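Same chain, two partners: subunit A is paired with subunit B first, then with subunit C.
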Partner chain A sequence: MLENEATLEIQHLVSEFKPGDGDLLAALHKVQHHYGYVPKIAMRVVARQLRLSEARVYGAATFYSEFRLIPPPRTLVGWCSGPACRFKGGEHVRKALEAELGIGMGENTGDDKLGLHLAQCNGTCEHAPQIWVDGKVVGPLDAAKTVRLARELKEQP
Partner chain B sequence: MPSYDDLRATAEPAWHAVAMPSRPLFVVSLNTSSIASGAEATLAALRELGASGGFDVTATGDTGVSWAEPVVEVRRPGGPAVLYGNVTAEAAPAFARAAVSGIAREHAIGIIDGPAREGVPALADLDWYRLQVRWMMRNCGVIDPEDIAHYIARDGYATFLRCAAMDRDELIQVVTGSTLRGHSGSFFSTGTKWKFLKDARAEPKYLVCNADEGDPGAWVNRVIMESDPHLILEGMLIASYASGATYGWIYLRDEYPLANRRMNMAIAQARERGILGENALGTGVRFDVEVVRGAGAYVCGDETGLISSINDMRGMPRIKPPFPAQQGVLEKPTNVNNVETYAAAATLLRIGADEFSNVGTEANRGTKMFTVSGAVARTGCLEVPFGTKVSELLDAAGGIAGGLAFKAMQQGGPLSGLLPAHVAAGLPLEPEPFRPLGAGMGGGGIVFVDETACVIDLNNMVSWFLEDESCGRCTTCRGGNQRMYEIFRRTARGEAHPADPQLLESLSATFQYSNCFHGSLSPVIMNNTMKYFRDEYDAHAVEHRCPAKACPGLIRYVVEHQAAAVADAAAICPARAFVQDAGAWAIDDAKCIRCHACKDVAPEAIAIVDKFADAAPPPASPLATIAPETVRVQARP
Partner chain C sequence: MARVKLNGHEIDVADGAPLVEVIKRAGVWISHLCYIDGLPPYAGCRSCLVAIEGARGLQLACTTKVADGMVVETETPEVKEMRQSVVAIINANHSDRCLTCHRRVKCMPGDICLRDDVVTHRCVTCSKNYRCELQTTNELLDMGFENVEPWVGEPRTYYQHAVPEPDRANPWLEFDPQMCIICTRCVRACDEIRHTGAITLAGRGFPTRIAFGAGGRVDESNCDFCGACIDVCPTATLMEKPNKWIARTEDWISTTCNSCSVGCTISIGTRDGRAVIVKPDRVNPVSADQVCVRGRFHYDAIPEKKRLQRHYVRRGPAGSAQFPAHWGELVEFAASRIKDVVSAHGAAAVGVLGSPFNTNEENYLAQKLARDVIGTPHVDSSGAAPDRAAARAIEAAFGTQALPSDMITLGRSDVVVVIADDLESSHNVAALRIKDAIVGNPLAPRNGKLVLVSALRGEMADFAEPYGGAWLRPRPGGEAAVADWLAKRARGEQAPSPALASGEIAGATAALDAAKDPAKTVSVVFATPRFDARAAAEGAKAAANLAIALRGERAAESLYILPAEANMNGMRDMGVEPRDGGMDAGAMLDAAASGALKALVVVGDNPLMFAPYRARTERALASLDALIVIDSELTDTAKLAHALFADVGTYAKAGTYSNAERRVNRLHAAQQAPGDARPALLALTDLANAVGGADTWAYAHPDDVTDEIAGRVPGYDRFRASFGMWGKARISSPATRSEVQSVAEGAMPERDGSMLLTAGRTLYTSIEGAAVHSPDADKLHREEFVEVHPADAAALRVSGGDEVTLVSPHGELTLRCMISGRVLEGVVFVPAYHDGGAVTSLLHGDGAAVAVQVKVRTPA
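After this line comes the complex of A and B, so read on.
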C-alpha cells in the first residue's frame, strides 16, 4: 500500500477520536485491531488526530505490553507467567516452547508462522500451567505435552 | 423515560420466567474460567438437546466454582434446584437425560434451595459454601449478566433510588461509619474518599472504577464484572450522587475481554432505560460512564498510573500530592475505587448498616471476596466475612492437593507478601494482622504453595515481574528491581555471591525511596522470605544446592536406568541433549535446558540430582564483587 493511501485509511479509522478526551488507548487499540499491530505510520496519524506529539504516542505505544510494533504471527502463543502456573511447572512449559520453536518471548519464527507472547494470569488458574493458542486456553500442560503441541503447530500448513 | 416502577413491572416477568420456570431450565455458567473448560460447547450441546428434550437453556455468569467448570444449574418445576459440575459437551447427553426429570448424581455438587436429598448434600453444607456469606455475590451464577431485567427484578437500582433521597452528607456518613475501606488492598476509608471528592472545589468531578486487577492470581473483579455488572454501575451511581461526580471511567485490563463486553452491554442497557444519563431514574442525578480498555501494564493499576493512562500518557505513576481528589482525570477532581469497593458500597447500602455490622470483625465489618489458587484442591472465588482464618479458607478450598504439606501463602499479588504456613494458617483475613509481619493482605488473590516449591524460584518469578513492570521513571525502582532480579537469577544459576544477603538487605532499605508503591513495596516478598526461609537462601548460596530441585544451575538431569522409555525421552527433548554411546543413553549437560520433558515421559528412568553433589561449585558471579559496605543505605530519618 502506498504511504498516503495508508495514511488516509488510518485517518478514517481514528476519525471518531478527539483531542483532550482520553482517547489515545482506544485509538491505538482500534489500529491494532485493524492491522494486527501498530504500524509506525499510524502513530503519526494518531498523533495528528489527538494533537499530541509523535513522541508521546510512540511512548505510549511502546509502554504497554499488549501493543505490537511488528506484524503478528499467524498463530500467537501466549505463555502465562502467573503464580499458579509457575508452581505447577510453568517454567518447564516456557523452556520447552522456546527451545522447540527456537524463539524467545515477544519474537516470531522466521516465517512469521508462530510467535510467543509473555502473558499475565487471567484467573483461569484451574488449568495451570497453561498457554493460550490464539486466545484459547490450553492446559494443564507439562513440558512433554508442550513439545508435542509445539511440533504440531509447526507442522500446520 | 419510564419510571422505576415501570422498569420493574417489565423486568419481573422476564426474571420469573427463569427463576420459576414452567419447564426444566438448564442454566450454564459462561465466564472466562468456564469457557476455558469448554462451557460454550456445553451450552451449544444442551441447546440442541433441549430443543427436542423438553427443557430450556440459558446462561449465567460465574458461581465462583472454577474447580468444577463447566457448571450448570438445573431449575425444575416441583423439583429442587441443583448445581452440577464438570458438565462437558461430551457428558451433556447422559447428563441432560438424568437431570431433566431427577438428580444427575454423578455431576451433582449440591442442592441449592433445600436440604440434602438422594445422597446429594445441600450446597450450604459443603466446605466450599459453609463459610461463605454471599452478599456481593448474591447474583453471581444466578442472573443473566447480559439482561438488565434480571438485575432490576432482584431489587436492582432500588438502593440507588433510596440513597438519592437521602442527604448527601448523611449518606457519606453511613458509608464512613460502616468501616467500609477500599477492597483493592488499599483499605482506605471509602466514605472519607467520597467526602474528599464532594468537598473538592473544581468542576466537573469524576469517578474512576479501577478494574485493572493486575495482581497475578486474583480474579475477584472479573467475577463481579462477568456476573453482575450492574452492581458496579449502581455503586458508581451512588458514589456519583454522594460526591457530585458527573462522569466516570471503568479502567478495565486487556486480559478480560468478556468482562469488557458485559460491562459495555450493561452500560448500554442502563442508558437505554434512563438509569445512566442526564437524569438517572428521575432523581436529577446526572451521571454517565465509559469503559477504557487497558493494554497490559501492572502499574496502571496504581491510581496515579491509571489516571496518566486515561490522560493519553504512558501509564506512569507519579508522586502524590496532588491527590486524585485534587487533580485526577483531565486534571479534574477524581475518586478512584476498586470494582469490589463499588460493589461493597452498593451492598452495604442495600442491606443496611445494622445488618452489615453483624458480619465481620469490629474493625472490618462485612465481607471480602477472595480467589484461591495454586496448590489447593479447589480453585475458585468465594466471599467470606472479614476475619475468616486463612486455615478455614484453605479448608474450604479442599486443603493442599495431592496430600502435600502446606508450605506458604502468597497473598495479594507481588507487593503484599509471602508467609510461611505456620504464620499464615492462624491469620484472620483482615488487613491489621498482616502489618506487623511486614506484609499486606492485598486485594483478594491468594495463592497457596506446597512443599515442592522453591523459595528462590518463587522470588525469581516475582522479581522478574516487578522488574518487567516497573515504569522506569525512578532509578530506585527500575535499578533496584534490576539488581534484585539479577541476584535471584544468579542464585538460581548456582553463582550466588556470599555477600548477596547483605546486598539484598541494602536493596530493601533503598526501595523505600521510590516514587510509588510499586517500588517501595517491591522488596516485601524478598523480606518475608529472607526472614522465614533463610535456610533455603543459604542452601542455594552456601551449600550450592536447591532443596526443591527447581533452580536450573544447581541441578542436573541424568539417565538413571537404561529403560525403553529413555528413547521416548530422547525423542521428546527439545534441546536434542540426549546422546547414545554403545547403546547407553546419557544427557549432555551443556545442552540440557532443564525443561523436564524427558522426565515427563520417563519418570522412572530420568532423575534430577544435585549438580554439585561431588563437583566443585562455580565461582561466585563477578557482578557481585562490590563490597557490601559501600552500598549501605541510611535508614529514612
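After this line comes the complex of A and C, so read on.
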C-alpha cells in the first residue's frame, strides 16, 4: 500500500494500538469517531497496524451495526426496533420511511442528505412508535405522520 | 489406540482422533459440509450427526474425539432423519432446482429446459451440477422431494431475497454468493491452511455472507488465487472460472507442475483429450493438497490453437519465410544442415541447448545427440548460468550438489533463514511451507522464526518481524554480504555490521542464537537469482556458510537451494552443462556471433527470452548456418529457425522432472498433442538416426530413455520406468565436508542519476504466454510494469501507468510504470519474463547488475 495524506492521517490516528485483535474494536471506534464512519482505506491501515488481514477487519466492522462503512448523512434518521415500538406498529413506520425516502436500512439517499439506520430501544417507550431525527425522539407516529415528516425532511435545505 | 465399534464393525483407530475422520477413513460415508480434515471443527453445518451409545441425544462427529469402547451408529433411522432435517434447513436458503427437477438426470448443460422452471433457477445454470458436494450429500442422504422442500407451499428464504451479484471480474476465481451455505470452509482454508486471510464472514445473523478483503471484488483483496478455497467449497460459490462448464472430467492424470522447482504434483482433469481443470495431487509429500495460481491455472495459459501444430522449414536466407514441412522432409533437411556444418567446420562448430522445462529424458537425449552422435562438447542451456554457479559453490562447500535436505522438513522448522527476492512469487508452495513453520494451524500452532534477507518487499516480510523474526533489507546485490555477516557472527567472528536499508539486526541475531540449540530444526533457504551468476554463487556460498555456522557437520541437511526453473537440477544431472572443455551458453552465443559456431540445436530452449544481453543473442542467432529448434510454441527463437519441429506442451509429455531437492517426479501425458505436433523425444531420435545413420538410436517409448538414464546417470539407478514410488524418493548424497568459503563483496554499478535494474520471477506471468508475447501472459495485468519507488517517481514526475523507457548500455525497453512500495529508492524492478523476456535486452552478457537511465516520454 502506498502512503498518501489520507493513509498517513489514519496511521497517526491508530498508531497507539498494538498488534493483535485485542485493540481492533478500539481502533475502529477511533477511526469512526474521527471521520464519522470507517472508510475503506482505514480498514487497510488498521489491518496493517494491527497485523491482521484486511478481511478480518472488514468482518469485525460489518458484524457490529455501530460501525458505518459509508459517510454519515447530514440528517440521520434512526428507526427504533424495540419491542414496544413494534407492538404499537413500528413496522408501518419503517415501511413508510423506506418507501418515502427510497432507501433501506443502513443506506443514505444519493445526495447523502438523509440516512436511515436501525436503532435499539432507548427506553423512551412512552413515545412509541418513534423515530429519532439526529438523536431527537419524534413520536408517537403513524404511517401518515411518518410520510409527512419524511417529506419535510426531504425538503429541508 | 482405541477400539471403536462403527455400525457393528470393530475398528482400531488412534485415540483422540476426530470421529468424522475416523468414519471417513473406515470407508463409511457421512455428510459433513463444514469440516476440513486436519483443522479444528467448526460445527456449523450440523450435518454429521451420529448416535453414540451412552451419549445424550445425537452427537456431532466432527467435535467428538474417539475413545476406547465407543459404539457409533451412522445409519439408524433416527440419525438419518435428523441429518435429513438439518440438510433441509440448509437447502431452504440454497438454489434447489438441481435437486427437485424430476427429469434432471436426462438433461445436459445447454439443453433447453422442458419444464416451467424460470431460467435462472434451472439446474443447468449451476456449473457445479453433478460435481457438487451439497448435491451429492442430498443424494446420499436420500433427500426425497418431501425433505428438500419440507414446507411445501410456504415461501422459502432463497426466493425471498434478492440474488446477490456474482463476482466474475477476475480470470480465475468466480465468486457467486447466492450459492453460499456459510460453511466457512473457505474462510478457514484461506486463513489456516494458506495463511493469507483474504476471506471473512461479513455481517451478522441471517444476512451473514462471505466477503473478500474489505468487501470489494476478489481481485481487489489480497487473494493470491491459489484456489485452496475452491477445493474446499461444497457448493458452486467458489469455482474455477476457466472451463467451468466443461470441467466434468472423463479422466484424471497425475503429472508435475512445470512452473517452479518445488515440483508440485498436480492432477489434471481432462475431457476429450483437453485439460479442463487442475487439482492438487496429495501423492506429493511437499505440496500435498496445495498448489499456487500457476499450478492451478497456467495449464491453459495459451489456447491450444496458439501452440505449434505443424512443422516448419526455412530454406531461404535469414529473414525469409518459414514454410510448413512434412516430418520426414524436415528431419532430412535438419540432418543435412548439421552434417554440412560438421563436414565444413568440424563437429565443434555445432552447439546444443537444452532447457529446464524439458523432461530429464529430453535433456538426456539432447546431450547424447551432441556428445555421441554429432560429437560436440558444447551443451548448455541459455538461462542456466546462475543455477550452475550456485551448484558449484555448494559442491565446493559440501562435496555434493545433491544435498540431503528434504523440503518436508521446511514446515517443521523452528528457525528459517530465507535469502531470496520474493519467495512467495518465485516458489509459492515452498513459501507456504515456511509460513506453516512460522504460524502452523490452530490444531498444531507453531512458533517458528523467520529471518528474511531480501531487497524486495514480498509477502514473506509479513511473516518475519511480526512473528519475532527479522527482515534484513539490504540494497540489491547486498544479500550475500548480509547472510555472510550472519554466518560470521554465528561463528563468533568480529565483523563490521552489513549495510542495510532497513531491518532490525537484533531480531535476526536473537533468532539465530536460538537456532544454535541442536534440538531446534533450522532451515536455510536460498532461491537463486534469475540472471546474475556471480550473485548466485556468492549467495549460495553465504547460505552454505550460514548453515555450517548454525549446524556444523549437519549443515547440508538444513540447506535448501531452490533453482529458478522446474527441472534445472535434473537438466544438469542429465549432462546439459558444459563438460570436457565445452562452451557454456554465453560463450556459444559469442562464438556464433563471431562466426566460430555455425549450427545450434535448440531443444525447448529460448535464448532470446532467457539469455541476458539480447542484442548479442540476436546477432548470434542471425549468423548461424543452421538453427534447429524443437519447441511447442512459436517463440522468438523458433521464428528464426531453419528447421522447426513442433513439440507438444509439458502436460502432453511423459517423463520425469527432478525438483529443487532432487525429488524425482513423474510426468504423464494428460493432453492430446495438437495437430501434427510430436513429442521432442521423437524429433531427437529421428534427428540422431538421420545424422548418425539409421539404427543409431532405437527408443520406442519414453520409458526406454528413462531406463537408460537409470543405467547411466549417477544417482538415478532407482528410477527405472517401472519405479513405483514417484514423488516419494529423492536423489541425495551425504556431505563429505563442510567448508566455509569466503564471500566476495559485489561491486554495484555507480548510481549517478541512474537506477539499479533488478528483475525476477513474478507470481502471475505465465512463461508459455510470455514466450509468445501473449497480451494475456499475465491475465490479471498486474505485472506488465516496471516498478518504481514513490520518491523516484516524484523526482521523475511520472505517475502510475505512464510510459517510461529504460536505457542501459545494451539496449532500451519501453513499458508502463507502477509506483510501488516493493522496491527501494533508486531501484527499479522489471518482471523477468514479461513480454518474451524483454528485460534481457538491458542486461550485461553475464547477467550482472546494471544501471539504467529512466526516460520519461513527454507527451507530444
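By our rule, the second predicted complex is superposed on the first by the 152 of 157 C-alpha atoms of A that agree within 3 Å, B and C clash if a C-alpha of one lies under 4 Å from a C-alpha of the other, contacts with A are read in each partner's own complex, and residues count from 1 in each chain.
Keep this in mind: contacts are C-beta pairs under 8 Å (C-beta built on N, C-alpha and C of every residue); 3 or more make two chains touch, one makes a residue touch a chain.
On a predicted model such as this, the values are computed, not experimentally measured, just so you know.
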In the superposed arrangement, which partner chain does A:Lys40 touch: subunit B (first), subunit C (second), both, or neither?
second
Just subunit B (first), just subunit C (second), both, or neither: which does A:Gly59 touch?
both
On subunit A, which partner touches more residues: subunit B or subunit C?
B
Subunit A positions within both the subunit B interface and the subunit C interface are 52, 56, 59, 63-65
Contact set on subunit B toward subunit A in their complex:
32-33, 35-37, 66-67, 69, 214, 216-219, 222, 249, 254-256, 292-298, 309-316, 329-330, 371, 373-375, 379-380, 410, 447, 449-450, 453, 457-458, 461, 464-465, 468, 471, 550, 572, 574-575, 593-598, 600-601
Under the definition above, what is the set of subunit A residues touching subunit C in their complex?
1-3, 19, 40, 43-44, 51-59, 62-65, 69
Using the touch rule from the top, collect the residues of subunit C that touch subunit A in their complex.
191, 196-204, 211-216, 221-222, 462, 466, 790, 819-821
The subunit A residues in contact with subunit B across the complex are 20, 22-26, 28-29, 50, 52, 56, 59-60, 63-67, 81-84, 86-87, 89, 91-92, 95-96, 99-100, 118-128, 130, 137, 142-148, 150
